[in-house]
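A, B, C and D label the chains in the order they appear, each numbered from 1.
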């Protein structure tokens, strides 16, 4: 019987003995730790840990032992196979740079997601989805159809066992109800260095303010618009010669880079929510 | 008679023929252009130019010819010797990293300023000023003494022919009147990536928001707090392991780097104000 | 008659009066300069200039006047319409990240090239070319067929009026003869921060040396392998946890970014060769 | 009795059970792990670990227990108090930017070193050392005096219980014998992005090659010049307008930043040698 390679990600109130207890469970199951990171946040009192372990023991046994431990330590945890692609819906509108980039990376074995559907409120990006062999769903959204559109999305999430929804420059605001329902499983890319330039047309805002760097922010979606926990950010230098159109164009490079990193880290169980912040074991 | 090396920086409403007219004036005075940059901003309709020129002609003659041109083109311009140190007051409070850095760079011939005084509202940094041989003025500021303190600063600016005031982590807000009086000649370093985290304790704000990059912003001071035209910005990566104290410490590197660049570019007449923005011919 | 928007890029031995003479020619043709950059290199004694100008005059007239000036100043120059797509052949092997990225950018109006053909020594990337509607030529290269393959490439360059050849991770070394024939018109992306790690398997070399940053370099191809004038470079941080495979994967992001910038700048006539170096008016 | 805060850094051949054994020792001594990082390098078969732990147990007891474990696992380890300043000699020549920066950071509580002496082969930097209250030793080095100078350095290392020697732009090559004697405890800053531009005048080499980024490299000194394990590197963008003097000046910012990081990480026991590479638990 060949060894499995498991990843364990957990968080719980901080107190002495957690690492020893967890490594004990893994040792009891013949586990060899290949990667491990911990973090205790004094400001929230929470402890976070991510371990990759090779073991001959059945995953169910490890899961059971961890469940007992979780009870003791008031712990939430996930146990998964290292590298298992997460079932993902990608949502987009008309701009294809993020969608195209995610699908290219997935195809190149660089992104452990299984893109089960592309959902868009415009038909423009269908050819990209088709090229990569991903079903494309055109779900237009108007004030009248928004509720129905979200219901359809939720249905797809359930029917397709979707674990992650990525808003790849999807230009619609999700309802509070949807945000709550999918909390922690929706990643958005905002085209500014948050908290600067929330809301609409961030590059126009950035140009107007005369900033010397533009940025992008990948974050979990919450009911509080552009206020969810930040997963990753990056910036790129601009100068006085760059007008809004040039900023938009150059910003796309940052957006797709930042979103791809965030999705990858999430899919590898490297991101743990710590109140308003995230712990990223990258 | 040896050649002078002059720098000319100008702005005016954009229209055809400016470059040709300016290069004509310089050619008439036997000038050889060694460096030249131009920029027309469609959004403000303004044109900006910076030229370095070697010429045997007396500076006064070039100045006179340029003045005539300025009249025709509704132009404002400065003509200076390349590399002439700008007479500068550096203001600080208790944190010495920016002050120390500026003085070290000046001493190392890396910053064309002539630091005629250090003015601080606390006595702590006197030894640094003394080490670099710069007169230190301790001018405490309370609600009661603020007017008198600003009057003393203005008097020093006049008496010492000061051309530039640098707020090197000076933790006092200048009055509107002072801002207006010294407009365009006061550079501040704000310890955040503006427009994020204006006001007090920006690193605490940044930590609270969970950003993944911290930054610093050098800008001209205007009556509108932290809203003046931005000259330079930069960022540094932080992670979940960095608490506020660590952010403060790491931010200091960014602050001094950003401030030093801004002061240098200003002192070399590379920064021109373009409405709320700046043109930086770096 | 509507105005044309022209770009002029030139170089010549440095001496007084060049800028005035060039701006004079443009002024005589009613030209309005919208963008202009100059640089005199003391180490080579050469002068470089790039101007964008709006004019009602026929391009042929401007070209004629510039030709006369070029004679006087021993100048080489190019005059082109701003934004005209350069006829380009992209060469690749099996790795598609650079090819895919270039074609996506071209399609998104972000790269002023007209990709007239993709030439590859392996068939793998045909679907990407097909998706973007670019003719794909599979030209295998062995020791025996190398001469014939290069002859075919040269024929295509001539028949298709090709102005630029981009080696987008094309894993074959061009012959000296081909390098000479196409000098200045072939851009390669090397997957290291040159001059470190020339030759084969640069990421394995980088991992072995334990560097903390990996990089990529876009350069003009010359007969001297990996020694041609550098157009652009960038780096990305790695850590001890990144093995060779991870470096390869992360390096692809840098490679495509660096190559895209270099191709864009070249296509916009922003790159001028200055001996072993380049002047880049970005 | 108040708790001590200890740091443990270790390496050994990789095998199952190390983490559990180490955390077991710490748990037996009532230790609460506040920070922990591990890494197993498949390419060298070595395992690395750094733990910070709060414990009421006497340090000697923990040390004894770890020594027993070290025997079992063929492990080398260091146990120290978190934040204890390492006794350090800083060596320099004429350029003061690195020396000045290190001493300013140390004074500002940002660098856990105890600078017991500055040793320089030129007298120029004496005032900086004096300002920070560090004894300055002028030890000129000529071909004839080199052996004596190194003997004096070794004597100081012994007499002053020196744990770390930092070459802060010290422009002399250490003898093989000295390199061997102090192996793993001497950090040098090389003013290029190694392995590019080894040896003398790296900025002139960089300018000549036309690179678009310049860099600096902090590494452990070995008998093999500029080939020791790299601790940290960083780069800064340059353009065609930057001549060698400007590169030298801008490079100084990178040098001091990179050196300060490397010294800090070393002093915090975050750097472990892994063959030709380093593991940096930053």
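In this text, a contact is a pair of C-beta atoms (placed from the backbone, for glycine too) under 8 Å apart; a residue touches a chain by one contact, two chains touch by 3 or more.
Just so you know, these numbers come straight off a predicted model, no measurement behind them.
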Between A-D and A-C, the pair with more C-beta contacts: A-D
Distance-maximising chain from chain D - centres being C-alpha averages: C
Averaged-CA centre spacing for the pair chain B and chain A, given as whole angstrom: 41
Geometric centre distance via CA averages, chain D-chain A, whole Å: 37
Chain A, residues touching no fewer than two other chains: 35, 39, 241
List of chain A residues in touch with chain C within their complex: 35, 96-97, 100, 104, 108, 110, 127, 131, 241, 249, 252-253, 257
Residue numbers on chain A that touch chain B, as the complex places them: 39, 41-43, 193-197, 207-213, 215, 229-235, 239-241, 243, 274, 276-280
Parts of chain B lying in touch with chain C, wherever the complex brings them together: 15-20, 23-24, 26-27, 30-40
